[in-house]
């Protein structure tokens, strides 16, 4: 008994001999020259061109995630490029592979937490009581609350108030941002520690205001970082550090067992 | 005799407790809310914010590379996501790994060809004679001229005239674009075949107008495609094709040796 | 206040001008010509050369995971190779990226389940009662029991009895294999469905007999599959399917929106 | 006019409800318990089980490539694992991405050089004169001869004589190994520098004795390194260095622009 084929279908883009459409728009005539890269990313993901306000906030979110200095992801890309400079794409890929639960996961974690606490943004619930519940739940399970705290940026992550300001000015600061802020305040009070909302927490909350599914939120970090990594690889090609790091680490790591 | 450490240095970004700078600009205050993603990419790569004209052209270039339907790269990302949906970043990485010489390489190939033919854009040379030389060289070595011809888009790749128009309108259509167009005309005449400048050829030429090193040109395709792939993975999570493709291919590929 | 460096150290291998040691053995003289690849993998992972019996079982485990036809991982590698044939390593990398929770995860899931149920293999507990508890726990949480069931191989996965036989003949079939078999029997009885122990379940149980940490069990699948993928890429280079798959899928996926 | 489908076909493996075959052999009954991992890799790649002699040499070749301490590839894998410990497969993938022209390419380069110089191993040519030609050619093009020289292992790479000895003892040291040795001697004489055949040069030559296509030779390094990387990731999970490397590099790299 043979299996039945299921249909295969994509609604993102198509092309014919003389036309290319992306999300229902004519790429050469309606997109090129009319949109910026952040707006096109929004179109690609949602099927809709952003309003001017959505554009402002979405560009700010993604830009925040492009670059943050010498991160593990930048190091992996640079070291990979040192071995395979003919495969720039593989160096970027290597750099992206580590964008998992440790560094970027808190962004999707914050979105997931907020959606689970408040599935319907319009629901008639008391946000203060809800924040108490959320904090108590995480503390009871001895879990870290995603999106709070930063090893370096204390007592405030300088990106957070600016992101919230941009969201506010553009009508995208609603109950999810409010809930996130209450959760942070409750968590600080309960723990007695400085737990500022970090950039990934702010972005996670604003993503809920947009209504993005939490599963795709990590994707914003991934696409932003790809841009950042190309910058690091360009610098690596001009002023390399990959081989030097390798040799220093190799020397040190095996000194205890290596004979003179 | 121990080795001497060499310095390790990066000029892209730094952060302290309360500040984050990218390319000399204050990220929260000078970038967020003021720049779009394409402009930030330009800043990340060049160290300079683009002029309004540079912004128009650079955004158009990168946007052109984001999305072109179900490509091999989109397929690899979708199939990978089917096996590891918890690692969205690895699915994007898998999709990027194939952006090599076959599909994206012609972009850097076109830039390299143009820079080698005309190392100094201001040089007093006859572009028509130069184009003749270039075409003769490639034909003599039986090599394909990068950036010409397209399997589907004939007799014109619809992106090319639009990209050249945007470059022209913004003062970024100079001698490299001119040379590319002459090379295409000569190649068509010499071969008797339709050899339109394709999108990667147009972009390769415009990248020379910007002065980007040819080695980084592939990177524009890589960062743009990362955005496109996040869109494909979002669609895959909602309307999957990965498992269906796998099962169809497996059935067909081994039918000739598999007993009933 | 500057941070204090922490030591960086690795105990796997070192080299000097005239010597190379891996895990305390002289690579040229004690390893090459004396060990097979599976035994060297065991040495690399555990720091000990395997006994003859361990060698038999470990080689069988890893070999089981090398090749299983046209899998999603093989497809991703082949499609990636089509775009970047100069970067064979990136094609293998792309194929590995999808070895996540869906296809390979059940192996580590089975090990984790068995270790959590029976942290001390020698503990004086009744395995039959323990199996009941485990099955009741998974059913209560409506979770799938890892390592049981197979879409194709019914009522028996042909690899499982053979792997258990090899383990038995070599003294590596103890209480974890016993517990796994009881869990399978209880789960079939409770669900009324055929739930054979599949190959990943058998391997997960045998890995517990070895005492491998469950977190590294996925790694056996990853290293085995890397071997399999090189075989697929070699076949792809001689008899390609990547471009054909792409074109078929592209045609079908966008037929509903693409004008004639 | 619709395109015609081309057939999709693979001859590596198939499975039905109760059988699994790999390269024409019954996996459970003819392979498991009977073959070691290196022999299975040989079967996967060539379609033939190795003879005892081929097994000895092939296992030695691949084992040589598994582990060589803290390499750039091991570093990239470890740093990636630090960010995404839930995606072990992505950490291995990241480590493989850099196995390109710089570190592993010399192996395929040596094979290619030898095949191009001596397409037919039985041809009636004078190897000494041929070696002279090859060396003169590389020197004339100012290219490095692949497989010669090593930054650390001087005047002899300790793996090389051992690999040649194993090949010799097993009937796999023929004219390609001879030619490689003559090329090394001529190159040393012509350059006045120590240019020992390194491990990748020895392996490249022995691969020609087997008759492996040069394009797949890099694949031996890739599959071997996947094994090594799993070992490094296991050590990283127990005794990490990734985060420490990141923090040291970040501190140093931006000290010149970062305010106190």
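Some observations on this one:
Order of writing sets the chain letters: A, B, C and D. Residues in each chain are counted from 1.
Everything that follows uses one rule, which is that a residue touches a chain if its C-beta (ideal position, glycine included) is under 8 Å from a C-beta of that chain, and two chains touch if they have at least 3 such contacts.
Fair warning: this is a prediction, and the values are worked out from it, not measured in the lab.
For chain pairs B-D and A-D, the one joined by more C-beta pairs in contact is A-D. With respect to chain B, maximal separation of chain centres occurs for C (centres as means of Cα atoms). Averaging C-alpha coordinates per chain places the centre of chain A 37 Å away from that of chain D.
Between the Cα centres of chain A and chain B there is a gap of 23 Å. Chain B and chain D have centres, each the mean of its CA atoms, that are 30 Å apart.
Among the residues of chain B, those touching two or more other chains are numbered 8-11, 13-16, 19, 69-70, 84-87, 89-90, 93-94, 97-100, 104, 241, 245, 249, 253-254. The touch graph of these protein chains is complete, with an edge between every pair of chains.
By the touch criterion stated above, chain A contacts chain B in their complex at residues 2-3, 5-6, 8-20, 22, 27-29, 31-33, 35-41, 44-45, 55-56, 59-60, 62-64, 66-70, 85, 87-90, 92-94, 96-100, 104, 152-154, 156, 158-159, 161-163, 165-166, 213, 215-216, 218-220, 222-224, 226-235, 237, 239, 241, 244-245, 247-248, 251. By the touch criterion stated above, chain D contacts chain B in their complex at residues 7-11, 13-16, 19, 21, 84, 86-87, 89-90, 93-94, 97, 249, 252-254, 256-259. Interface residues of chain D, counted against chain A in their complex, comprise 69-73, 75-76, 79-87, 90-91, 93-95, 97-104, 241-243, 245-246, 249-250, 253-254.
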